[in-house]
Structure formats: structure tokens, C-alpha cells
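Take this structure first; my questions come after.
In order of appearance the chains are A, B, C and D, and numbering begins at 1 in each one.
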Amino acid sequence: MNYQWAAEHLAFRDEVETFIHEWRTPALLREYRAREGAGGGPLLTEYYAALQQKGWMRMCWPREHGGEGQNPIYRFILVETMEYWGMPYGNLTYTSIAPTLATHGSEEQKQRYLPGIWSGEYTFAIGYSEPNAGTDLASLRTRAEKVSGGWRVQGQKIWTSLAAQSTHIWLAVRTDPDRPKHAGISLMVIETGSEGVTIRPLPTLSGLTTYETFYDNVFVPDENLIGPLHGGWEIIMHALNHERVGLSPTGNLARNYDLLVEHLMKHAAQKLQDPVLRIRLAEMKMEVQRHRALAVCNAVSIARDEMSPGLASMAKVSGSELRYRMTNLAMDLLGRAGALTEAAGELAPGGGRQESTWRASPILRFGGGTNEVQRSIIAARHLGMAR
Amino acid sequence: MNYQWAAEHLAFRDEVETFIHEWRTPALLREYRAREGAGGGPLLTEYYAALQQKGWMRMCWPREHGGEGQNPIYRFILVETMEYWGMPYGNLTYTSIAPTLATHGSEEQKQRYLPGIWSGEYTFAIGYSEPNAGTDLASLRTRAEKVSGGWRVQGQKIWTSLAAQSTHIWLAVRTDPDRPKHAGISLMVIETGSEGVTIRPLPTLSGLTTYETFYDNVFVPDENLIGPLHGGWEIIMHALNHERVGLSPTGNLARNYDLLVEHLMKHAAQKLQDPVLRIRLAEMKMEVQRHRALAVCNAVSIARDEMSPGLASMAKVSGSELRYRMTNLAMDLLGRAGALTEAAGELAPGGGRQESTWRASPILRFGGGTNEVQRSIIAARHLGMAR
Amino acid sequence: MELELGETRQLLRAAVRKFLEAECSFERVRECEREGRADLKLWRALCAQGYLATPFPSELGGGDGGIKDAGLLVEEVARRAALLPIVEVLASALTLHHHGAGDDATTLLQQTLSGEALPVPALLEAQDDFDRIELRAPAADGLRGEKFFVDYATAASHHLVTARDSDGELALYVVATDDAALKCEALPNLGRTPQSRVRYDGARARRISGPDGVAFLVQVARALTCAQLLACMDASLSRTVAYTNVRKQFGRPLSTFQAVQHHAADMAMHIESSRFLTYETLDALDRGVASEEQVALTKASLSRALPDVVMTGHQLHGGQGYIEENDLYFFTIRGKDRCLAWGSAEECLGIVARGVEQKARWL
Amino acid sequence: MELELGETRQLLRAAVRKFLEAECSFERVRECEREGRADLKLWRALCAQGYLATPFPSELGGGDGGIKDAGLLVEEVARRAALLPIVEVLASALTLHHHGAGDDATTLLQQTLSGEALPVPALLEAQDDFDRIELRAPAADGLRGEKFFVDYATAASHHLVTARDSDGELALYVVATDDAALKCEALPNLGRTPQSRVRYDGARARRISGPDGVAFLVQVARALTCAQLLACMDASLSRTVAYTNVRKQFGRPLSTFQAVQHHAADMAMHIESSRFLTYETLDALDRGVASEEQVALTKASLSRALPDVVMTGHQLHGGQGYIEENDLYFFTIRGKDRCLAWGSAEECLGIVARGVEQKARWL
């Protein structure tokens, strides 16, 4: 029993921080925001190349899949540190699609896609959700019919985030309507520019845009099927698993706290002496520490190679709900200025970070498996409650 | 739209308060506590007689059942005022059994039981719950078999509160095991001293004792069946409805708040200047006002003769959960002294009221229909959500 | 105690609702949001219908109503998420009516009710504290200084500005916005309502009331803001109930899941208690018996409740409610912005905290 | 970072658990509760097994463990709801070990670990504030004054009493309880643990440490109390899970209802974060790097969590858990009592509030 980070872990954290301070320019952050998290801009391309060179993108992958086989705790440290500083460290293409391709793709598919992913040339949008298949993903209806040399896809997806910035779509389709729900699903890669693909932007409350994508008789060649026919469900579950170690990091919550206090110190020194305000901050600090406890428990458990879906769900629920509560309180403490957006410039405390995070907070509670589903997972998998 | 109490309502409240101040002696309160809420002691008997004489026990009953046909809002005012001062105003025998008898009993039964109830001679314990039939009351298993001139009852009840202090038990039994759950239940009155009745005390966390009652081949004469054979379920539901107007009063929560502040003013004047403590009290006051809003909404709605199970459920959920939160916080504010019980004498703040109320707070959350069931009622009946 | 609207009020509410539903589509609201402006055309139509005058005596062309009626109007406007300065103008007009002194006040009130004038309060300064006003009363060369967080400042014809006279006493001054010595800088905010930082550089200002008027203005605006919060919560819930009744997952409507029912029940409890507290407070203001503490307690309660309510609405809508094509977001962003306006929960609790020793009558 | 117990600790824990399950039935605990006394026979047996010495160096007959091991012992005792002064004696002994000066301290420590002596802290006074100690250091005629809320005062052989010397500095004094000039008055409390108000009327007292020892004692006792809270929450949850898995309503186990699952999940989240924070804090104390703020934050967090956790346990047990024949109540009453001991959530948050500007390292 030892609650200290090992020296090599702290050294790695420091190395990451040094790297961040070298690269974290206002211009880079601007480009990152303008591209809504997608890679491909000139500064981001350079930055991602540097990240690749550091070996940090795949350091925890198994060697046989092109990684360095490092303990996943390194990934956790990377994610926490990057999140604290609000720096990009790879979107789902790197963190979910690439490892899934490396595991389930054929040799030919690996060679076709992975180098482009590493270089930043390829970005994948994920096409799982449909208007009537959200939490209940297995009821998806987009179907692929076998034709000579490939498939014809017909259907509609929502929440195909980054579709407009992507080169490919990672698509879940129903290849056998007669099998039970989970059993008739397959995974395919579609090029975004394929004939019959339509992309419609959907602005969201967070300010980011997501996309609805329509597939009208889109032809997908046989070689774009990933994994076994009708074996898509397992791959989807596998892909969702990849980010469990850095799920719901404490970094950005901690940063939120630090920026709030920094703002108060600079602009409201007198208010900061108010005992009630200080108690609110103390409660906030306590809640962040509580979340951190769950995030670390989850990471350490994964690093020990244990399957602990209950801990991952706890971190997910805790972090997503705290994000709402904490920004909500922060705005109250800031008063009317707390509602000013980034566009209000200097008057917006901390660049409007509390306001924008509050606005974006719903998605983490229902996305990636609703918190209701997560709580039932905790009951079943962590507590062993009969279902 | 008018949010003021009418002059006659305020006059009635004042009359009740005057009455209370006349009767509220330490000796009466001691006797009340010693008898755990049952009537029958010398002071309580005198007090109940005075209450009867005032006409307040049945003032809102229909005239044809021996009442005065007053608007139920008077009952609400009575309950709120009595609760504030912690004074007895009739247990379930008066408030639930008697009106049910008046509605569903035969002429002969009314004459047999009601005068004894009014005089305080008769007290009824309620025998509904069983070890395996709590929230799911309709699955009760105590059965009555027809024999010549009556019934033979076999089974077991729990939560037969006041059984040891009562003259009768108001018992729900299964008279037809072949009918579906709700349809085979009947209601009978059993004299507590009947052969075959065993009463076992069960101390509870609140300090009060409840009872387990066993029925071993107990003979119940035909004339003790209340209402139609197999018609018990409807009577049970009716009996539970009677107290809806004074359900979950604000009075004792408000009193809790007042006593806490009084204690702080007297014994911790300096602490009471602490801005953080004051904010906690302000939050508590706000929560009591929130609850009061729901309690009044419910009462006014009933007084308008509307069926509003949603509002009644809201008041129930709100009051029972607030009772816990409020006493829990009050104990924290009082520090270690907050855990001292009444037995600690003068050192226990407010006679240990926060501590004892905290300890008793679970029962109101699961008793009388769990708060989980109540929330589903709110969804279905108040919001019209599809079930 | 009579919690139902009477017949007259029901008719009024139905008429306003019908009018707004016909005149104010959510698409139109989106357009105003994008352009960062108030819907002045709709405002003029609302005034032309005479609705704005409802809370005022018939001598002023009104409906002999009171502050409760102002609350009903505010609720209806908030239910459509319309970008109208309804709280700002009603609070200003009620202040002019009850505390305005001199011909200037009388004229401005008449013009306001007929729709010719549109006065909005300009109270707060950089510190965001109603008690810490530093602006000095206008000298010979006019009013000089800044006001912050002025809602609908650019849509207004007049600002009601607080300033301290030489005795340090607060007073209310009228400034016409066509005065060249007045500059507005937009403050983009969560609620997407037009808001400004205003600089007065020698603007002409006329005194129309003393400290009583200022205090009354704050109380009335604070209470009317509660009606906005109430409508936002109610709109979020009714949309959520409708959605969960039809949206199916795992083969059955969402509304049949216990967790969904319980979330919705919690929303409903917040809303019912909020409705009672809001109208009880407006009623007390009508009767002139509302304490500062009562108004603050109500505002604190609703400001605490709203974020939980609207965010639960989002939780039950999932992705569908997060997309701005869905109308749900209006009530989320307007609602939270209003939680901070006219005193946040924290600020209002501070006021309640001053009187914790006072025994309340609970009946 | 290694959150699992090592093999040695697992063995120790298993041994202590087995010992307590064999020696300490819940019926026995009920008997002690009724009689308002500590289970001194069990205490002697526990000492005889050598468990108490585990956290101490082998020179003292111990197991070369540390404060984390003390935490494990405390957890096991709390899991049986045993009426043993485990926190009080361990905190006293650890203070004697790390800060005790002089032969008196050494002797007392040795006697304590062997079970001959049983020292408990007597710190608080009527104001219930660790920072406001007014008792004066003993003069020639001995120690005179009162201490409040002294846990296990009558079971103890010695009290470790805080008092201020002439410079106003706090110091720790030992008083033997067989001194005639010492009187205990019982303080019946929610937790049903023996607690007293103690009056010293010229009792003989020997100084064993200065302010550092006092501060250390409070920190260690506060952190060990967290281990009690953790065990109470854990015991409440494991009983609740077992109960809901078998209890049927409406034809299926309670555990299959979504609302029940979600309640249990919330309990579990509180417990997992509490476990981490508790042992992280004990670990930091072991390494001498725990700040007052860290200890207070952990205590505040668990003291806030426990009431919600145990009351949710009651909600899921319904009537069955409310009856004292069920063992659930032990964890409810002991737990909440411990929330108030060694600094309530409010008090501890006040300590955290002092340092809100300090940037924490989150990794």
C-alpha cells in the first residue's frame, strides 16, 4: 500500500509539462479551437508530429501493434497533464480507432490506414448513433446489403462528430436484419467523399458543431469491412474500452478551480476574503479531490491489468456530474460576470471558461453511456447486485 | 389568486394556539412520550376530552358521519399548529380508522366502535404489513378461513405499531387465495386479547417500539368483517387517503429550525455571528419555505376538493427528505454536543431534539409508501408520464 | 388562500399566450439571437395589444391589475424565450408608478405604457453589487461614469440610472438614450440577450426618485425575474415529459424507466414550490408587505433550483436536447443567465442570512 | 502508487477480522451498549494478541508497521461495531511514540502496547473547539478544570489532557484516572459509546509533550476517525447489497429495480473515494508530509458522505433496517457520531478554507 507516485512517473509528468510549455502558444490553441478538435491545421500537424516523435501517442500499446508496451499509467499521466493545460493529445482517431484497427484490422488494412493516421493525414469520424438508437445502440438500423465486390449502405447517423473535417467514417451497419439485435452488426470504413454520403452540420449547445450523415446507396468495397462479418458489436465494445484509463480526468477540473481562484485573487481580492466564498471554494476543492480519488483508483486498477468496469463507470459519473456542479457554483460566485462569454473579451472571467464549460457539461453525462446506465453497471459489476 | 390566509383561518389558528398554551404542560408531554403516542393516560384522556369538546377531532368529517362538514383547510391548520408545538391531536385510530369505519362500517359496527374511540377507551393497532409484504402490500399472506359463525385467522404481521397499548387490531387478511393479489383481501377487527394473538415488541432506531403480531388460529366472528367480503383493498386505500391534507406538515420542521436558532442565541451568541453558520441557517430556512410551499399547495388543492395524489406525494417526499437533511446539518453545526441525547440533560442542545429527529428520520422516507413509489406517482399522476 | 388564477387572469394569460405563439416563432427568436438584438417589432405589437398596461390602473389605460399580473406577463414571454425587455420595462414602469416624482416621471410612465418609450434600469457597476454604487449624481455638466450589465441598453429609449447625491444617498435618474454623451459596448453572454456596458460622458439626467424608488425597483425586478425562472423550468419540464413519453429505448418509452420518472418528479417538485414562492412574493409586493428577505429567499430558491431542473431536462433528452435545432436550449441558457441577474443565489442567501434570528410565521 | 494491501497486511487484516468475528458477537455489542460501557475484556484479548502493537517498531514489541496499519485495525474494530477505545488509544500511543518526552512517556507507551495501560485523549472543553483550550497547566496543587466529550474516559487508565502553560502554549499532560481528584459524568450520545464530561479537582499531572504533540494527536486521531467512518459506510453498503439481492417485492429482487441500483451505486462511489482519501492521508501522516488541510479535507469529505450513505442504506432496507434487531443501525449511529468527533465537516471545511489559494498538485 503506497499512495505516492513513483519517481519515474513524476519524472514523466515533468517531461510532459516541459513539452507542453514549449508548445503551448496562443496560436496553437486558437487553431485547435477553430478546428473543433480535429487535426490537420499547420501548427497542429507540427505539434502532433512532435508528439509522435516523443513516442507518447502509442507508448502504452502492445509492441506487436506498433507500441512500446508501457504501463497504462503513463497514458493516465499524459492525459491528466494535457487536460490540465488544455492541450490536444489526439482525438478518437488516435485513441480509439487506431488501436482497434491494430487489433482487429487485417494486415492490409493496417498498412492502408495506420501510417495516414500517424501522419495526421487521416481523420476518422465515428458513425454509431442513429436518431432512434442512442443509448440503445444495438437497435441501429442503417443497413448494408451485399452486392458484387462490396456492399450498398442505406441509412442515417447522428452525432457523427468531426464528419466535415474527416477523411473517413467508421461506420456501424446492420448486415443481417434477421439475427438478434447485437448479432447482425458489422463495421466498415467509408471514405467521407464517397458518392451518396451527405453531411449536415448540427450546432450544439457547447458551441461545437456535430453532424448528421446520410448514406444513400453508398458503395463500400469488400476490403473495407473491419473484422468478421456480423462481428461488429464486439469491436464497438472494444473500441469504447480503449480510453478507460484516462476517462474523466481530474486535470481540467483542477484547472477550472485554479483559474477561478487565480481570477479572484487578481480581480476580487476583497471578495476572496469573504468567509462564505472561501467555504464554497473549500467544498469545491473537496469535491475535486473526491473525483481525483476515483479517477486514480480506476487508472491504477487498469494499470494492474484488472477488468474493473465499475471503477471506470464511477470515474465517468463522478467527473461528468462534478463538471456541471462546479462550473454552476463558479458562475454563481462570479455573479453577472460569470455569464459573460469568451466573446466579451477581458471582462469575461478566465476567458469565459466557467460559462463555456457549464454549457458543455450536459454531453458528458449522457454521452459515452448515460450516467443512468453507468450507475446500473456499478451496481451489477462492482457490487454484484442481481439484475 | 390570493396568497393570504383568510381572517377566519387566522382566527382559528390563534384559537388553537391559545388552547395549546393552556394545555401544554411538561407533565402532559411526559405522559405522551411515555405512552409512545397512544392515548389512555390520565392527563391525555382529559386532554383528548377537551379536544373532542372543541369539536376539532371531527370538524372536517361529513355531517352524515358525525362531523361538522368544515373545509379540510381547518384540519390542515390544526395539524400544522399542533405539530409546531409537538402536541398530540389523535393517532391513526382517530384520523384513519374512525373515518373509515364511519364510511364503510355497518350501522351496528359504528355503534359498537365509534363511541369507544371518541372516549379514548378503544385504540386500534393497524395490521397491514407482513415480513414479505411491505411496499408490495397486496402480496400479504395472513389468511382467514371460513368456519361456522366466523373466521379462523393464521399468520404474522409486522409494524403493528401500538399493538401492546391497543384494544383492537385492524387486520388485513387474505380471504380468497385463488383470486388475484388485490382481489382476495378483506378487513377484520380483532380484539387484542383474543386467544391465539401473540405480541412481540421490536425496538426501533427512533427509540419507539413497534410490534410483531402472530395469529395462531384466532377466531374472528362474522360481525367483525368490515365492508364487503374480499373488498378490503379498497378500504385500505381509502384509509390511507384520510390524512392527505395534513401530510408532512411544516410545523415541526419550522419548530426544529426555531429551536436550533433559539439554542444558538442563548448558548452560542458568538458562533451565531459566524457568516458561514448564518448562510447554513439561511439555506435551511429556504428549504423549509420550499417544503411549506408544497404542503400548502397540497392542502389548498384538497380543500378545493381536487384529487391531487401528485401534490400529496410531493409533500410527502419533500418533508421526509428535508427532515433528514435539516437535522443532519443542525447536528454538524452543533458539533459534538449535537450528538448528545435527551438523557444528557441540559447539555443536550434543545433536549437532544436534532439528534432524536435525525434518528427517527428514516421511517418517514420508506413508511407510508416509499419515496421511490411516491416519485413514480408524481411522474404518472402529476406529469402524466406513460408507465 | 386561493392559488388558482381567477377567470379574468385565465383569459388574459390565454390571450397573451395565443398572441405570442402566433407572433413569435422560435425561428424568429433564433434570428434575434444571431443578430444580438431585441425583438422591437414584437415589443411594439405587445404594447399595441395593451398587455403591458395590464398591471396598471385604468386611469393610465391599464387593466387595474397588479404586480402578480406583471408576473404572468413575464412568464408568458419567458415561455416563448422571446427577446423582449419585459422585466426591465415592467420594473421601471412600476417604479415610476409607485415612486416616480414630478412630471418627467408621469410622462415617461404614460409613454412607456403606450409603447412610445422603453425605459430600462441601469444600476450595477463593475463590482456587481446593488449596495455598492459609486456613480455620482449628475453635476452641471451632466452624468459621468459607467454602468455594467445593463440589459437591453441599446433597445431602450431611456435608462433609469442609480447615482449617489452629495449626502451619499441613492437616487434614480432618467437618461434618454439618444443623448450623444452615452456609449454602449455589447457584453455577449450565456443568455444571448442584448446586454451592455454603458459609459455616460456628460449625459443629461433628471432625478425621478430617491432611495425608496431604488429599493423598490430592485425588489420588483428581482421578483419578476423569478417568474422568468419559473417559466424556463416549466418549459424545460413540459418538453421533457413530452419527449420521454414518445422516445423509445430498449423497446419501451423512456418515461417507463424508474430513473427517468424519478428525475422528472424532482423537476416537478422544484417547479411547484417555485411557483408558490414566486406568486406569494409577488402578492406580498402587491400588498406592500414583502420584506427584502422574502424576495431574496425566493430568488435564491429559484436560482438554486433552475440549473438542476434544466440540466436534468438535458439528461433526459440526451443528444436530442443538446442540438440547437431543438428548442430546449433556450430555457437552459436564458434560465441560468437569469439566475445571476438581480442577485445570484449566493448574493440573495447573504440577504436571507441577515435575518436568520427572525422568527417566521409558518402559517 | 500501489493501492492494494501487501501480503503481510492482508494476513494481518484477515487475522484481526477472524479474531473479532469469533470474540465479538453483535449480541455482545448490544449488551455493552445497554450497559453504557466499553468491552474491556475484549480489549485485553486484543492487546494479548499483540494486534495493538502492529503499527509500532519491533523494539517496542510491535510489527514495524505504521499509521496505515493503525487505520486497518480501526477499520476492523469499527466493522464489528465493537465498543473499544481503538482510535483513542492508538492516537495516544502514536503521540507518545513520536512526541512523548521523558521516562513517563516511554513507560506509558510500553504499558499501553502490552495492555496494562489505557490512555485516552481529553482535549475539548465546553466550546468544542481544538483551538480554544482554556485549561491552565497544573500548578502546585494539581490540575483544575473541566474537559468535555472525553471518549472512553471511564474505561481509561490515563487521560492525556491539553492545558496552556503560562506562555499560553499548549502542552499535553498525563493524569492517572485512579486519582481521587477526578470525576466523570456520563454523556449519553447518539453513538452509544461511553463518553464523559470530566472534572479535575487538583489531579496530579505530568507534562509529556508540547504543542507539536498536541497537533500531532489531533491530526492522527482525525485521520483514524476517517477509517471508522469508512468501515461504517462499507458495512452499511455490504448489508444493503446482500439484503436487496434477496428481498423480493412485486415478484422480483429489490436489486433489479433501477432506483435501488442507482442508490447503491451512489453509496459505492462515496465509499471508493473515501477509501482512497483516507489511506492517502494516513500514508502522508506516516511519511510526515500530511498538511492540516489534507487531513481536514479528508475528514470533511467522509463526514459529509457518511450520513447520506447510511441513510440510503436505511432507505433500501425499509422497515427491516429500522428495527434494532437488525445490525444495520450500529453503523448508522456510530458513524454519524464519528462524523462529529475530531472535527465536524463544518469545522474541517473551515480549515480547508484557510488554504483555498494554495495550488494543489493534482498528480
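In this text, a contact is a pair of C-beta atoms (placed from the backbone, for glycine too) under 8 Å apart; a residue touches a chain by one contact, two chains touch by 3 or more.
This one's a predicted model, so the numbers in the text were calculated from it and none came from an experiment.
A centroid comparison over C-alpha atoms places B as the chain most distant from subunit A.
Counting C-beta pairs in contact across A-B and across B-C shows that the higher total falls to B-C.
Centre-to-centre, using mean CA coordinates, subunit A is 52 Å away from subunit B.
Chain geometry summary: the mean Cα position of subunit A and that of subunit D are 42 Å apart.
Multi-chain contact residues of subunit D (touching two or more other chains): 257-260, 262, 350. The set of subunit B residues touching two or more other chains comprises 275-276, 279, 372, 375. Subunit B contributes residues 1-6, 9, 13, 73, 77, 80-81, 84, 250-251, 254, 258, 261, 265, 272, 275, 278-279, 281-283, 285-286, 288-294, 296-297, 300-301, 304, 310-311, 313-314, 317-318, 372, 374-376, 378-380, 382-387 to its touches with subunit C in the complex. Against subunit A, in their complex, subunit C makes its touches with residues 124, 128, 148-149, 187-191, 197, 248-251, 257, 259-260, 303, 307, 311, 314-315, 318-319, 321-325, 329, 332-333, 336-337, 339-341, 344-347, 350. In the complex of the two chains, the subunit B residues touching subunit D come out as 129, 132, 134-136, 139, 158-159, 202-206, 210, 276-277, 280, 324, 328, 331-333, 335-341, 343-344, 347, 355, 358-359, 361-363, 365-367, 370-372, 375. Per the touch definition, subunit D reaches subunit C in the complex via residues 257-259, 262. Those residues of subunit D that touch subunit A in the complex are listed here as 1-6, 9, 68, 237, 241, 244-245, 253, 255-256, 258, 260-262, 264-266, 268-269, 272-277, 279-280, 283-284, 287, 297, 300-301, 304, 349-350, 352-354, 356-357, 359-360, 362-363.
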